[in-house]
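Below: the structure, in structure tokens.
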Amino acid sequence: MGEHRNATREFVCIRCPLGCNITVDMEDGKIREITGNTCPRGADYVTKELTDPRRTVTSLVRIEGGELPVAPVKTAADIPKDKIGDCIKALKGIRLAAPVRIGDVAAENVCGTGVDVVVTANVGKG
Amino acid sequence: MEKDLVIIGGGPAGLAAAIAAREAGVEDLLVLERDSRLGGILNQCIHNGFGLHTFKEELTGPEYAGRYIEKVLEQKIPYKLNTMVIDLEAEESRKKVTVMNREEGLYQIEARAVILAMGCRERARGALNIPGYRPAGIYSAGTAQRYVNMEGRMPGKEIVILGSGDIGLIMARRMTLEGAKVKLVAELQPYSGGLKRNIVQCLDDFGIPLKLSHTVVDIKGKERVESVTVARVDENLKPVPGSEEEIPCDTLLLSCGLLPENELSETLGVKMNPVTGGPEVDESLETSREGVFACGNVLHVHDLVDYVSQEAAQAGKNAAAYLSGSRSGQGRGIPIRAVQGVRYTVPSSVDVSRMEETQVVRFRVGNVFRNAAIEVSCGGKILKSQKKQILAPGEMEQVILKRAELEQIEDPEEITVSVRAESRGRD
Amino acid sequence: MCMYDVIVIGAGVTGCGIARELSRYDWKVAVLERASDICEGTSKANSGIAHAGFDARPGSLKARLNVEGSRMMEGLSKELDFPYKRNGSLVLCFREEDRETLKRLLEQGRENGVEGLEILEREQVKELEPNVSDEVKAALYAPTGGIVCPFGLTIALGENAAVNGAEFFLNTEVREIEKTGKGYRLLTGRGSFEAKAVVNAAGVYADRFHNMVSPEKIHIIPRKGEYCLMDKKVGGFVSHTIFQLPTVYGKGVLVTPTVHGNLLAGPTAVDVEDPEALNTTQAGIEDLLRRASLSVRNLPVKQVITSFAGLRAHEEGDDFILGQAAGAPGFFDAAGIESPGLTCAPALGKYMAQLVREYLPVPEKDSFVAVRKGIRGMASATAEEQKRLIAENPLYANVVCRCELVTEGEILDAIHRPLGATTIDGVKRRTRAGMGRCQAGFCSPRTVEILARELGKDAGEICKNGENSRFLTGYIKDGIQGEA
């Protein structure tokens, strides 16, 4: 991305609800200065956002024989942003049998990211 | 039935209040929850971002609720599910809570203290007076959230969202991830009502456009929504003729604000704050009715559940102190006035003789301010001046009052919280 | 082919009122309704007023049936168990020069047989209604004016007709009417029906059916009225129904408590082309609030919980068209039924039944049951009644709609009684679930679930009203294509 080699880029940090406005000065495609962040997580966020943007994905899987027909899930850690779509596709066909509990693995190593998808609510038998 | 403490609502506020009250020594308490599980609205908030303050990690709503539910179970705090409080009365210091459920029917509980923790509800279409037809396909964002996240059902395929509050933003992403096409988020105000990070991770990440200063001026479709028309609004928030754009869609989600759910509080005759829609409370979160406390979204609408939990824990602790008769002082509360850009404060008074060493005062501003300062004054003295890069109505602010400082002031009449603006601008 | 003695087209308050009266006699009666429920047209979106009867021209059918209907309403509300209250009405006069008009209205009312009318001076009006505008000079007071639940009345009439043998066919739109040797054949989307006599109570569509059989054409103009409904918190803002002096477009904008304790303002009056144009408009809402604000001080507009529009079936001649259509023996019109149609319905039903009886003589049935019990509502029950209801059926303790305190027990009753609810709107109009301040945000997912369970359907099939008004469009990730 040549146009960004010597550019100033603006970000809103998503690591906490504060949402710091962070400015990154780029020089020769490298980060020269990061300003506007309240804490080190902000610097980490923009660095990652420039090199390897990642997100935690939350969604649902179907439950069979449960008190609810679905259970919420999340990726146990963040995954590359461009894998969000594939991660959702991978969850489409998953059917878990009730009961499930918080922390149960719904899908291992989702889309080869090395990250598991885990259940985030207890759903008892229906 | 008689109880020392009845907590109305088993959501995040009710749970945190119950745990704090039990930890402060209240044995005889009961949590009343109208839904079929504890946790309240958190059960349908399956996105992450909860609990950074409380647990130093990002949890999803059900996980956050789960941590409190575990504690409630551990401490064997009694609760009733599927139980609706249908009336609340007070006779001197006795409170009568009329409840109803399938197993026990209709009966009264006499309580020495009550904590109101009923949460809030969404503003409906009618309150917004959006013109047009009234077909199927118009839902509040929270109703859609329930259909999707609890029932696994989609309320629509092509979506327009009015209102950029957090629930609207979160639902834009949820609907997209579950296979719907979100065409637009329109916001009446010139600024978003939600957290900035939600604009990034819920809209920008998925290329969903956000139109500020826009509203819905027409809904077409006689049976199911077929299109909505959005238009730009002027400074007075009135639609600008000629700026209309018709967007084909089958669903309109509304995320246009939350209203504290205080019908019960009103039957009790507690003094209400017209700005928050919640009761007026003092530093112990006690309402104008002795022994009736309020916390969480029934008191004022929060952005962060962490603060709900903190506030509720304070209410639980104070209710315990009230019940044990160990509250010190009963002096004159100093009113806290919201002035100049500050819309309200919670609490709205503080009793120096009774307060702890510090007291958190939470508030919201009425507009977007850049490079401003929050000022707290009392007795002609500026107690605090806190610089802020940006202040926005969508984000709750807080200042901390110190007892030591207030004790210094002779005969204080009032404390004011204000915004000293260096520049006021649009976001 | 189904053969009937009498077929009624339309199951609004007029059609249901007629069907109930027809069901007293030994006829085979059918009611054909195009919508998915009864009470889906003009009857579901109006002011809910039982008018005293001073508005209509003396000697007109409107005047006669209005006063008769007004007199019947209280007794009928007990017989059929629907909400009605005689709260009295006031017609405000704001200019000294309009006093004459007010007086004429009084005299007209007296001539029509309205009892207890009097003109009140400003102070008396203010005493009755402290929130009335300071501009008021005098008012016509009609103590016999009342408020009625339009859904309650229509559904009670319909249910009672059904219990007495009238067969209701919903989702059955009449497309053509043919003359046969013995009467008429009605071709519908669901087969054809034959009858010796037909009663046309099709509201804004009544001209369509009349014109199919009669050479003397009529023209019904849908006249739109927009309303704002306000929270029960401000239901006591006024206690009487507050009118302004009438205009050529009708009775003008009123402000009234509803029989359920909300505050209602409306309607506007705008003639439209489309008989389905039930949309509200920004201009309409603004107009009605502005006009309502002439009657009262500080109308609590912030308390609006919903707005809606209704279409009145206005006929050019400005009176009801009641009777056999020219050149069409056995085809009876009940057309042009605009305000005070709701009030007239009970009397109009009797009137039409007599006309049909003259054409098609028949004895009365011994088996007619005049009394109907409504849905027992927890919200209006005393604590003792509430306890008894719960003891009989614990589902009366399971609250579904918290704004209006409607329980699962009531919703099951609404679904399983004669002509029971099959849609979200049907449940709403029978029980008030979803009528409150949150406007079904909380209860609609639960109501969908209950309807699906009780009707043996999938939740995805549950509709708001018509067949194309499904609430849900599928399952999560249906729209996600491909595999990871």
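In this document, chain identifiers A, B and C correspond to the written order of the chains, with residue numbering beginning at 1 in each.
One rule holds for everything that comes next: a contact is a pair of C-beta atoms (placed from the backbone, for glycine too) under 8 Å apart; a residue touches a chain by one contact, two chains touch by 3 or more.
Bear in mind the structure is a predicted one, so any value in this text is a computation, not a measurement.
*Asks:* By mean C-alpha position, what chain is farthest away from chain C?
*Replies:* It is A.
*Asks:* Based on mean C-alpha positions, which chain is nearest the centroid of every protein C-alpha shown?
*Replies:* B
*Asks:* Report the inter-chain centroid distance for chain A and chain B in whole angstrom, where each centroid is the mean of the CA atoms.
*Replies:* 26
*Asks:* Would you mind pulling out the distance in Å between where the CA atoms of chain B average out and where those of chain C do?
*Replies:* 39
*Asks:* At what distance in angstrom does the C-alpha mean of chain C lie from that of chain A?
*Replies:* The computed centroid separation for chain A versus chain C comes out at 53 Å.
*Asks:* Give the residues of chain B that touch two or more other chains, as numbers and ranges in rising order.
*Replies:* Only 148, 151-152, 178 qualify.
*Asks:* Residue numbers in chain A touching 2 or more other chains?
*Replies:* 60, 62, 70, 88
*Asks:* Could you tell me which residues belong to chain C and also touch two or more other chains?
*Replies:* As it turns out, chain C has residues touching two or more other chains at 476-477, 480.
*Asks:* Touching chain A in the complex: which residues of chain C?
*Replies:* Within the complex, chain C touches chain A at residues 476-477, 480, 482-484.
*Asks:* Enumerate the contact residues on chain A facing chain B in the complex.
*Replies:* 12-17, 19, 21, 55-60, 62, 68-70, 72, 74, 81, 84, 88, 102, 120-122
*Asks:* Any idea which chain C residues touch chain B in the complex?
*Replies:* Counting only chain C, the residues touching chain B are 228-229, 276, 278-282, 284-285, 304-308, 383, 386-387, 390-391, 394-395, 397-399, 402, 405, 424, 437-442, 444-445, 459-460, 463-480.
*Asks:* Taking the touch rule as given, give the residues of chain B at its contact with chain C in the complex, in rising order.
*Replies:* 34, 82, 84, 86, 100-106, 121-122, 124-127, 129, 131-136, 139-140, 142-143, 146-148, 151-157, 178-181, 217-220, 222-224, 239, 250-251
*Asks:* What does chain A use to touch chain C in their complex?
*Replies:* That would be residues 60, 62, 70, 86-93, 111 of chain A.
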